[in-house]
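Here's the structure, in C-alpha cells; my notes come after.
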Amino acid sequence: MAQPLVPELLRAHLSELASRDQRADGRGQWEGRELSVEVGVLDRAEGSARVQMGDTIVFCGIKFQLQTPYPDRPDEGGLMTSAELRPLAGRHIEPGPPSPESIEIGRVVDRGIRESGCINTKDLCIIPGEKVWQVIFDCFAISDDGYLFDAFGLAAIAALHNATLPGERFDVGEDRKLPVNKTPIMCSFQKVGGRFVYDSNREEEVGGDERIHITLGEDDHVHSLQKGLKGVFSASEFVEIMAAAKQRCSELRKIVDSL
Amino acid sequence: MAQPLVPELLRAHLSELASRDQRADGRGQWEGRELSVEVGVLDRAEGSARVQMGDTIVFCGIKFQLQTPYPDRPDEGGLMTSAELRPLAGRHIEPGPPSPESIEIGRVVDRGIRESGCINTKDLCIIPGEKVWQVIFDCFAISDDGYLFDAFGLAAIAALHNATLPGERFDVGEDRKLPVNKTPIMCSFQKVGGRFVYDSNREEEVGGDERIHITLGEDDHVHSLQKGLKGVFSASEFVEIMAAAKQRCSELRKIVDSL
Amino acid sequence: MAQPLVPELLRAHLSELASRDQRADGRGQWEGRELSVEVGVLDRAEGSARVQMGDTIVFCGIKFQLQTPYPDRPDEGGLMTSAELRPLAGRHIEPGPPSPESIEIGRVVDRGIRESGCINTKDLCIIPGEKVWQVIFDCFAISDDGYLFDAFGLAAIAALHNATLPGERFDVGEDRKLPVNKTPIMCSFQKVGGRFVYDSNREEEVGGDERIHITLGEDDHVHSLQKGLKGVFSASEFVEIMAAAKQRCSELRKIVDSL
Amino acid sequence: MGYGDVQMIDENGNRVDGRKAGDIRPIEIEMGVVPVADGSASMRWGTNYVIASVYGPMEAHPRKIQRQERAVLDVRYNMAPFSTTDRFRPGFNRRSREISKVTADALESVVLLELYPRSKIRVEIEVICAEAGTRCVGLTAASLALADAGIPMTDMVVSVASGKINGIVVCDLNKEEDNYGAADLPMGVLPNTGELVFLQMDGDLSPSEFQEAWDYNMDAALKIHELMKEAIANKYGGGQ
Amino acid sequence: MGYGDVQMIDENGNRVDGRKAGDIRPIEIEMGVVPVADGSASMRWGTNYVIASVYGPMEAHPRKIQRQERAVLDVRYNMAPFSTTDRFRPGFNRRSREISKVTADALESVVLLELYPRSKIRVEIEVICAEAGTRCVGLTAASLALADAGIPMTDMVVSVASGKINGIVVCDLNKEEDNYGAADLPMGVLPNTGELVFLQMDGDLSPSEFQEAWDYNMDAALKIHELMKEAIANKYGGGQ
Amino acid sequence: MGYGDVQMIDENGNRVDGRKAGDIRPIEIEMGVVPVADGSASMRWGTNYVIASVYGPMEAHPRKIQRQERAVLDVRYNMAPFSTTDRFRPGFNRRSREISKVTADALESVVLLELYPRSKIRVEIEVICAEAGTRCVGLTAASLALADAGIPMTDMVVSVASGKINGIVVCDLNKEEDNYGAADLPMGVLPNTGELVFLQMDGDLSPSEFQEAWDYNMDAALKIHELMKEAIANKYGGGQ
C-alpha cells in the first residue's frame, strides 16, 4: 500500500472549524447526515436492509443455516457476523483477505447485537441436541463515505426485524418470523479537531482521532462499548458522548421499530 | 515478478512473417507440431497419458476416490480437474498458489470433458446415496513450450480411455474399465501477427493476442468454447477457425480412439 | 526481510578462537551452557517443562485430544509435534506463517521422540476402533539465544515424563500417568570455526556452518539423525561427535530420569 | 427425472415466465449508484442485481505492476454472501477468479489503455442478487460504469447468453431454465461492429443449434445496447 | 441451569475465591524475563501468566511501512497453544487480531513515537496460561516491557476489568465468575491523569451499574500501578 | 500383526524382489528430459520416477533475496498428485518443505555459488511416481540436472538409504520393505572424497547396525556414481 499522505492540512482545517463549533459539511456536533433505512431489499436473503447515511450506503443480508448445537448448549442456536469491505465501495479499500479494520467492524457490530440478548438463542432451536438455526449477518458496503460502523449496526438490527426463518426450504417446518425481543442501537463518536462529534464522514474520519462505539438497549442499558484508534479521552468527555448516545439511540430505535 | 519486457520486436517479426503466410518455425497456419501420445505411462495412476507436441510435454494422471453423492443426485459420481503449472516446466512459471492462468486451464479442460457427457456420471455409482466414484484428472506439465491447453486436453481424454476403476483396492468389487462414451477433442487457436493459427508455440504465445478454445464431439457438436486474453475477433474469423477445428478434431479423435 | 549482513568478521573471529581451542564465551568444545530443567510449570497443560540453557529459554506443553484411530491401526493413538518460533523470542524472528526453520525443528524433535518408541501408541488406546488419545507436544520459545533444537528436545521428553492422561475431563475414565518407556535424548553439534562444538549459542549459530542432530536411546542406540544447513563433513568428524553425543546424552538422561 | 424431462416450454412456444424463445428478461439500468466512485452503474436483469464501480485512472502501485506504455486494468467479479439461495461463503473461489479474468480480457479489448501509461484502472463487479447469467450482467454493467467514469472505449461491450432447453434454443435463460438447460453460450458483443471480445460455451449444441444461439445473442445485444444508450443519455442530459 | 442461577457470592459478600466485590486477584510482576529482548516483563495475575517483550526502536522495513514523522508500533497478542484447557490451535484468529489492534491503539496513545521517525518498535504479548482478563494483563505487561526497554511514554497504561455476577458488580472477574458473568468492562487507564486509552464492554449494565464498574476499575488501576512502580524500582535500584 | 512379524528375507538371504542385502534397485538415468530447461535429468530407480530441472543462473528478484557475494539456490521438492497410491493433495506440505530445505542444504555445499554473485539458480524436483527413498532419488537427480545445466560443482552428490528389516540391515529399501522397516538411514555422499553433505535417520539401530548401514551406503554411492558418469558421458559424447 502506498504511504498515506499525512493529512496535516486536513487536521488543521478540521481543528480550526471545531474551534468555531463548526464541521466541514455544516452539521452540528451531534447532528447525523441524511438517513434512509429500507428493509426487504435483497431477493435472496431471508432478511435484509439498506441504510444510507449521506453518501455512505450499505446492505445487511441475513441468511440462515442449519447446524448441530454445541454439546453443552443443546437447545441454543448460533449467531455469526461478517463485515466485508469490498473494494467496490471506495478507492481506499484494497482487495485481499479481511483487513484488521473489517475484522474490528464485524466484531463490534456482532457484540452490539449478541450482548443485548435481542435474539434468544433458544428460539433458534429446532430439535434439541440435533438441529438449530445459525443466523448469519452479512454486512456489505456499497459506498463508504465514512462511519460504516453505525451504518452496518443499523442495517443489521433493521434486517433482523425483517427476517423470516426459512423452515420450508430446509424442510424443518413452516416459515415463521424470527422473534426479536429488543432493538439495540449503536451510536459512534469520533474525536475530530479535539472534540467528539457524531457520525463523522470520511473526511472527518481521515482527519480525526479515536472513535468510541456505544450500543444501548431499552432504559439506556449499556450492551457494548469499543474504543478504537490512537487517542486519549477523559471521563468527562465520556459522560458527554454517553448523553448524546442516549438521545440519538432512542430516536433511531423509534425508526427501526416503526419499519 | 519482474516486469515482462514488451515483446514489440517479437510481435513485429511475427506480423511480418504472417503477412507472408509464414510462421516462426516454418509451419503452415493450421499445422500442428510433431505429436506423440502414449497411455499407461504412470505406475501409480489408474489411467494416464503422456502427450508431447514439439517441446511441450505433459502428463495426465487419473485417480479415483470414493465419495458420498450429493443428496439431490444420489446415483451420480463426480469429476474434478486440476491443472498444475509447476515451476519445473519453465523459467516463466513462478512457484506459489495456483495462478489465474492455471485456474483457467483447469476449468477449460474440465468443461471440455464434462460437458461432452463422455462420462455418464451414473456409471460412477457404487451404492446409490452412499458411495460413488470421484474421477480426478491431474494435468501436470513437464515442459512448457506453449499451448498447454491442447496438450492437457488431449492427455486428459487419452488417459480417460486408459482408466480402470480400482474396485479391489477400495474393497467395492472388482476392477473394471471406466466406461467412456465419447471422445471430445479440444482444439485451440491464437491470433498471431493478425491472423489465427493452430497450436502456437511459446514464442507465438508470448507475441500473440487472443486465444479461442473449441471442444468438439461427434458430428461436430460443440461442447465448450472459451475466448482468452485481450483481443477482438469477427464472426467471419470465427467461422474460419471453426472449420479448421472440425478437421483437426476429427484427426485427433482417430488417434485417441486407436490407442 | 532485510538482507542479513554477511557476518564475515564474526566468522573470522570464531575461526581464530577455534584455532586456539577456544569459544566466544569461554566454554570448552563439548561443554554446554548452564542448564536448568523444571517440570509441571504450565497450569493449563497436562504435562510441561521449562528448559533454560544460558539465555535460551523454552517451554514444552503437552495436551491430549481424543481422536478416531486410523482404520488400519485401530488400537493406536497418535503423536503430533509443533514448534512455534514466535517473534517474542528474538529480534531475528519474523511474524508470519511457520518458517522452514520452525518446520524443520518441529520435525526433528518429533522424530527423536517418535522413533525411539518411548511412547507405545497402543497405550493411547481407549476403545479400539473408536477412541484413542492424541498426544500433542507444543514447543514454544521464550528467548532464543541459540540451539533451540536441544532445548526443545529436552523440554519435550521432560514434559512427557511429567504428563497425565486427562481421562476425567474427557469423561473416558480416571486420570492416569502417561506410560513412558524410554528416555531418548537429542544432542546437537555445529561446525564453528572449522570444528564441531556442542550447544552453540546464537553468536556461534550465526557465524557457524552445518549442524548435526543426534538422538540416542538406551545402550547408545541411534533413533534419529539430521544434518542441517550448508556444509560438508567427513566420516571421522562424525565419529568424533557421535562419541561426544554418547557421553552427553547419558548425562542428560540421568537428569531427566531424576525429575 | 432427468434434465430433459421437465417441460419448460409449452405447445405455444411460451416459456415458464411467458417469454418467447428470442426474448430477453426485463432490464433496469441505474447510473452513478456508488456516490464515492469515479463511475458506477447497476443493472437489474430479471432478478439479477449487479453493481459495478470504477476507480481511476490512478497511480499503479506497487511499481512492479506498472506498464510503461499503458494502464493496467484490475477487474474483480465477486458474489456477495447473500446473493444466492444458499449463503455464498466469502473467500478464494476458482469460478470467480476465472470470470474476473475473462471479464478483464474482454474489457481490455475496448478500453484505450494506452492513453494512461503507468496507471491503473480498477473495475469492481459485485453480484448482489444472482439469478442466471451473472457474468453477462457483470460485464455489461462494468462497461456502463467505465462509461460513467469517462474512460474512453472503442465501443461498449454488451453481453448476453443463449442456451438450450427441451431441445429448443432460447435466449437469456432464467434460473429455472438454467437449472435444466442443456447448453449455455454467453457472448460479449461490440454493438457498433458486431465483433466479439468475450465467448464461452458449455453443453451440447449441434452446428445448426449453435448458429441459432449465436444469432439470438447478436439480436439481443442490439436491443440491450439501446437500453444502455438511453440510461447514459438520461444521466448526461443528452436524452429525450 | 441458566447463567444467573449459579450462586457465586455468598450472603457475606464473599466471592468464590474469598475476595470482596472490589478486590483484585494476586499479582506478581517480573521484569527482564526475556534475556535477549530489549525489554520484557511477565505478569502472573490470578492464574494468568503473560509475557511481553519489546524490540526496538529498529529500522522499519519494508520501507513502505515507514512513517516519515514517527515510529510505527507493531503489536501482536497471541495465545500459546497450551494456554487454555482445550488446546488453542495456532494460526489466524479474529479475536487475537482484534485484541492486537485495540492494544496497539492504546499503546500508541502513550508512547512518544515522534521521537523515532522512520523506525519500528515491536511489542510481543504471549499468553502462556489464560484465566480471565488476558487482554488487560497483556496490555499492562506490554507497558511494563516498554518501560523496561527504556521507551519514553507519557504515562504507564494500567488495564483491568470489572463485571457483573448474580446481579452484583464486582472487580476483576476470575475464570469461574467470567463463565457465568453477565457483563465485562475492561478499561485501560493512565494512572497519573485518570484518562483512558482503552475501553471495551460486553453484556448488560444499567446506568448505575455501569458507574459502579467504572469506579472499581479506576480504583483497582491505582493499586496495580503501585505494584508496577515497585517492580520497576526493584529492578533499577530505585526501590525500597 | 506387528511390523517385525512379516518375513521379508528368506533363509538364503534373498529379499522379496530377489536382491541380496547390499544390492540396489535397477536405475535408469535420462539427461535433458525437459527441453525448455537449462538443464534436466530423470531417474527411474525401482519404480520411483523423478524429474529434476534447473533454470539459471538468472537475475535474483525481488532484490531483497539477492546476496552480494554469491548466488542463491532455490530448491523445491514436490510430489505430483498422481505419484502415490492414494492421490497426493497439492498444496502446502510440511514434509515437502523439510525435504526441500535439506536438499538445498546439501546442494549448496557443492555448487560454486560464489561464481554468480547476486543471481539465482532454481532447482525443481518433481516426484512423478513414488516408491521409497524419493528424497535420495530427488537429490541425486538434482545434481545430475545441475551438471546438465553446466553449473560448476566441487563434486556430484549421490544419495542412497539403507535400512533394517527383520533385524537385518539392507541397502536401498523398496516400498514393501519400507512399510515394514525398522530404520532408515539416507545419506548424501560426495563420491570423490567420501565426505557427506546430507544425513538423516529414523528408527532404531544399534551402534554396530548403524556402522553396517553406513558402509552399505558408501558402497552403493560409488556404484550409482558410475551410472551417473556413464549417463553424462553418453549425452556429451565422452561416453562408451
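Each chain carries a letter (A, B, C, D, E and F) given by its place in the written order, and its residues are counted from 1.
In the analysis below, a contact is a pair of C-beta atoms (placed from the backbone, for glycine too) under 8 Å apart; a residue touches a chain by one contact, two chains touch by 3 or more.
Just so it is clear, the structure is predicted and the values come from calculations on it, not from any experiment.
S.K.: Quick one: how many steps at least from subunit C to subunit E, stepping chain to touching chain?
M.R.: The fewest steps needed to get from subunit C to subunit E is 1.
S.K.: Among all chains, whose Cα centre is located farthest from the one for subunit E?
M.R.: Relative to subunit E, the chain with the farthest C-alpha centre is B.
S.K.: Comparing centres built from CA atoms, which chain ends up most distant from subunit A?
M.R.: So the farthest one, by centre of C-alpha atoms, is F.
S.K.: Subunit E to subunit F: how many Å between their CA centres?
M.R.: From the centre of subunit E to the centre of subunit F is 52 Å.
S.K.: In whole angstrom, how far does the Cα centroid of subunit B sit from the Cα centroid of subunit E?
M.R.: 58
S.K.: Between subunit B and subunit C, tell me the centre distance in angstrom, where each centre is the average of that chain's C-alpha atoms.
M.R.: For subunit B versus subunit C, the centre distance works out to 48 Å.
S.K.: Show the residues in subunit C shared as contacts by 2 or more other chains, in ascending order.
M.R.: In subunit C, 1-2 touch at least two other chains.
S.K.: Going by the touch rule set out above, which residues of subunit E reach two or more other chains?
M.R.: Counting only residues that touch two or more other chains, subunit E contributes 64.
S.K.: Follow the ring of contacts from subunit B, passing to subunit D on the first step, and record the chains in turn.
M.R.: Once subunit B is placed first and subunit D next, the ring gives B, D, A, E, C, F.
S.K.: Under the definition above, what is the set of subunit F residues touching subunit B in their complex?
M.R.: 33-38, 47, 49, 51-53, 55, 58-59, 61, 76, 78, 80-87, 90, 122, 124-126, 128-130
S.K.: Mind listing the subunit B positions that touch subunit F in their complex?
M.R.: 1-2, 42-45, 48, 55, 57, 59, 61-63, 65, 82, 84, 86-91, 95, 136, 138, 140, 142-145, 169, 202
S.K.: Please give the residue numbers of subunit C that touch subunit F in the complex, ascending.
M.R.: Subunit C reaches subunit F through residues 1-3, 6, 98, 100, 103-104, 106-107, 111, 115-117, 210, 212, 217, 219-235, 238.
S.K.: Given the complex with subunit B, which residues does subunit D contribute to the contact?
M.R.: These residues of subunit D touch subunit B: 64, 66-69, 94-95, 97-98, 100-102, 105, 108-110, 185, 190, 193-207, 210, 214.
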